[in-house]
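Provided herewith is a single structure, encoded as structure tokens, for subsequent inquiry.
A, B, C and D label the chains in the order they appear, each numbered from 1.
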Amino acid sequence: MNTSSLRHRVSAAIDPEMRVQSGLSPFNRVVVAGIIVLIAIAVLETEINVIRHYAWTMEGLKLGLFFFFAVEYGLRLWVATLNPKYSTVWQFARTPAALLDLVVLVTFVTPFLGLEAAVFRLLQLTRILRLARLGRYSRALNLLFDAFRSRATELLLSGMLAFGLMLGAATLLYLVEREAQPEAFGSIPRAMWWAVETLTTVGYGDVVPITPLGRFLAALTALCGIGIIALPTGVLAGAFSDAIRRAREDRLHEHTHARE
Amino acid sequence: MNTSSLRHRVSAAIDPEMRVQSGLSPFNRVVVAGIIVLIAIAVLETEINVIRHYAWTMEGLKLGLFFFFAVEYGLRLWVATLNPKYSTVWQFARTPAALLDLVVLVTFVTPFLGLEAAVFRLLQLTRILRLARLGRYSRALNLLFDAFRSRATELLLSGMLAFGLMLGAATLLYLVEREAQPEAFGSIPRAMWWAVETLTTVGYGDVVPITPLGRFLAALTALCGIGIIALPTGVLAGAFSDAIRRAREDRLHEHTHARE
Amino acid sequence: MNTSSLRHRVSAAIDPEMRVQSGLSPFNRVVVAGIIVLIAIAVLETEINVIRHYAWTMEGLKLGLFFFFAVEYGLRLWVATLNPKYSTVWQFARTPAALLDLVVLVTFVTPFLGLEAAVFRLLQLTRILRLARLGRYSRALNLLFDAFRSRATELLLSGMLAFGLMLGAATLLYLVEREAQPEAFGSIPRAMWWAVETLTTVGYGDVVPITPLGRFLAALTALCGIGIIALPTGVLAGAFSDAIRRAREDRLHEHTHARE
Amino acid sequence: MNTSSLRHRVSAAIDPEMRVQSGLSPFNRVVVAGIIVLIAIAVLETEINVIRHYAWTMEGLKLGLFFFFAVEYGLRLWVATLNPKYSTVWQFARTPAALLDLVVLVTFVTPFLGLEAAVFRLLQLTRILRLARLGRYSRALNLLFDAFRSRATELLLSGMLAFGLMLGAATLLYLVEREAQPEAFGSIPRAMWWAVETLTTVGYGDVVPITPLGRFLAALTALCGIGIIALPTGVLAGAFSDAIRRAREDRLHEHTHARE
């Protein structure tokens, strides 16, 4: 096998856009697995108990991942110009995706930068998303994004409504509770923390109204919180149901035309 | 340019109803931005730490906003009679919207009224809503309100059901827990605070049943809380899905007629 | 006006089934208002602070309500036989609805029975529901109940699924946390309290896993809780959307037939 | 009645697949009731207070259940070969379902294994599910599973989105709060516990951000939590509404063909 043919086969294995068959190539499945291990290590590394007990395992895995991703990065530079989108290697290397991969490689060899550098590795999650824009996931992604896009204004409006409600609830509770609890309700921004907790029905309970009037208003706020959940859910449900029907009608239409 | 022509151009820039093009005029975009700054200041002003550090910045911004909104109010009075809805300036000045804007201006020059006056400025949020009744938001607002209106009775009914459930749960817990926790469950109104928390799934945890029977009833209440969320969400989802379909059929119908 | 004619008019005013026009009669609107006051008093009466300050107002209102509902009960007995459903007064008096109204009257004149008796008055809420089975509410009630009935099996199944999940989560947390927290997780019934809290997303926080494995399992449980909410909501939303469409098609069908 | 005829009748009563009529046989209804008692005992047995007071009742019930299920197991072995699926008794006894039933029987007679063994009895819940795959439940089960299957990719995607959001929120809060609260936010895995609590809107409140920036980010996370609930709910609602419509169209189609 000569170099040119090898380069074409590497390109088809590495670059999803150069692959003829549908789905991920075996090589890219390994890349996805590598990214998952990379992220798991970046997450676990922050925990002192894990570092103490599995320090050598972690360092070994990181070394292995570094070599794997360094080689993979090199291969991608080597075959970049086969993709008609890039006329020079440099054009490929400047893309945000390639730069991010380079940053991740650099964080491996700069331990002195501390844990903050490791956090960059979590950005590799976006690469899984990039690789996933294929096959059956691309269909589902389109459905989700179509539903969001088609109802963007309604969702924005319900967000504005939620924000108005939150501001109103925080202002009322500030007026009612600020004397009883100056620490928690002593200003509108402080009362906002309570309002978000309540309207999203999270309800940590670290800040709770104690006056009867405050509790009455808080009860009304909590009931409004149901609307805050019901409104976007209802909008999205309607949009999904609409998108599904449209997709079916399109298929039916194609089918009818095909038979004619 | 003579005064009359200038007055017409100011009217078209200030009054959304006098504007020929769709969307907000550049002037009104500035007004919306001003209102957002106004509200942000009114909110931050209540926080003692912000006042201490940025007192001069805040006062400067407030002075600027006061002049901007005073001039804008004057201009609106000046061009009011160009809108066929108002035959005299006085008729415009008496509208709730214009009165609210005047109250906001007054709160700027009466610092001695304290923070309570500043709260009035938050009412300017409603003006953003008034300006937003245009363009793509008007369509989305109509969709939301149509869905609410078309299912108003169902939503009211599910609200009444929720209230009945809340009263029932509060009464039962009052009977069961009042001896164990007289402070929290010593009366039905007190137990209502727990019932709202639980049925809306907020669950602060400041009031929690401790007897086995109380916990059993509380568990049933919490499970009912799912229905309290599911019912209005389901009603709204159905209404949205219906409103979207109706809108599409109407468009299709118009289209068919237009082609005939 | 002779007695027979008066009796017919009283019957039309009191008995919703004997009324020709749609909607509630003016008399029954007063009855609904009376029931709301009755319930408000029954609720507030349990609060010691209210009894102390408004004791005379409460007693006066109760006396007035007692006479009003006693007279109303007498009138209903008087006109009962005009309704073809009842051939004798006794047949009407034995219906659960009439018996409940009698019990409520008795609770007014037996203060020595204590607050427990007052709780019976809350059952009058059901009478509002009985009166509400009319006009636009009857349509909405039908829609809600149709949606529930048509999907009863699916809702029951999702309830069984929820129960299975709850039992599974409680068992796992009991096995994992019982040594660390014997008071909270020392038996499966105790762990169930935590499981209900978590799966319904109430999350009081009075019982929380503390071991790493317990927290991991609790996180999985909390994520499953989303499904517990999403499943019945989705089923109901689908059922409502279906019921609305069916109602529209029926109307369209009637319309088409009427024109033929 | 000879043995062969008795064996066929036992088979029809015990094996749902050998029953001609729809629904559960009377014998299997007793089995379901027995399983419910079995599970209730396994659950209550873990509670020390119950064991102390009702030890003899529990032991008696367990003995009765053991004999009932032992006889039932024997009968199933006896009639197994009547079902065409099993050519030998051994082939039936090796099925996971039969092995599980045997394990449950063994746990009864091995009290020395402790409570962990009793937990196995909870697995009998799955047998209720196996028996329920009949009649009206089978229809509902099919609807639920169809809706899940038809939208599996979308639900998986929204799960991945939720996981990404959770990781992002945990990382940000770890960076912001780890110095203020090293115990709760000192590593990403620890911050994950907070992130799950918040995004699922459970909100126990055992771990809460205290810095202003941490609270701001937590508020954003809580608002995203609404999306985490709205997305799968909307997908499922759309899928159910679609599955219901498809089922109706199929019925309509069959009906039309039948009339032709």
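The rule we apply is simple: a residue touches a chain if its C-beta (ideal position, glycine included) is under 8 Å from a C-beta of that chain, and two chains touch if they have at least 3 such contacts.
Model, not experiment: these values are computed from the prediction.
Chemist: Chains in contact with chain B and with chain D: which ones?
Modeler: Expected: A, C.
Chemist: Could you pull out the chain whose C-alpha mean position is farthest off from that of chain A?
Modeler: Centroid comparison gives C as the farthest chain from chain A.
Chemist: Distance from the CA centroid of chain C to that of chain D, rounded to the nearest Å?
Modeler: Whole-Å distance between the two chain centres: 30.
Chemist: Centroid from C-alpha atoms only, then distance chain A to chain C, rounded to Å. What do you get?
Modeler: 42
Chemist: From the C-alpha centre of chain A to that of chain B, how far is it in Å?
Modeler: Taking the mean C-alpha position of each chain, the two centres sit 30 Å apart.
Chemist: Which residues belonging to chain D are in contact with no fewer than two other chains?
Modeler: Residues 192, 197, 201-205, 229, 233-235, 237, 239, 241-242 of chain D touch two or more partner chains.
Chemist: Residues of chain D touching chain C in their complex?
Modeler: Contacts found on chain D: 39, 42-44, 46-48, 50, 116, 119, 122, 125, 129, 136-137, 139-141, 143-144, 147, 162, 192-193, 196-197, 200-206, 228-229, 232-233, 235-237, 239-245, 248.
Chemist: Of all residues in chain A, which touch chain C in the complex?
Modeler: Chain A reaches chain C through residues 201-205, 233-234, 237, 241.
Chemist: Would you mind writing out the residues of chain A in touch with chain B in their complex?
Modeler: Residues in contact with chain B: 153-154, 156-158, 164, 167-168, 171, 174-175, 186-190, 192, 197-198, 201-205, 208, 215, 219, 222-223, 225-227, 229-231, 233-235, 237-239, 241-242.
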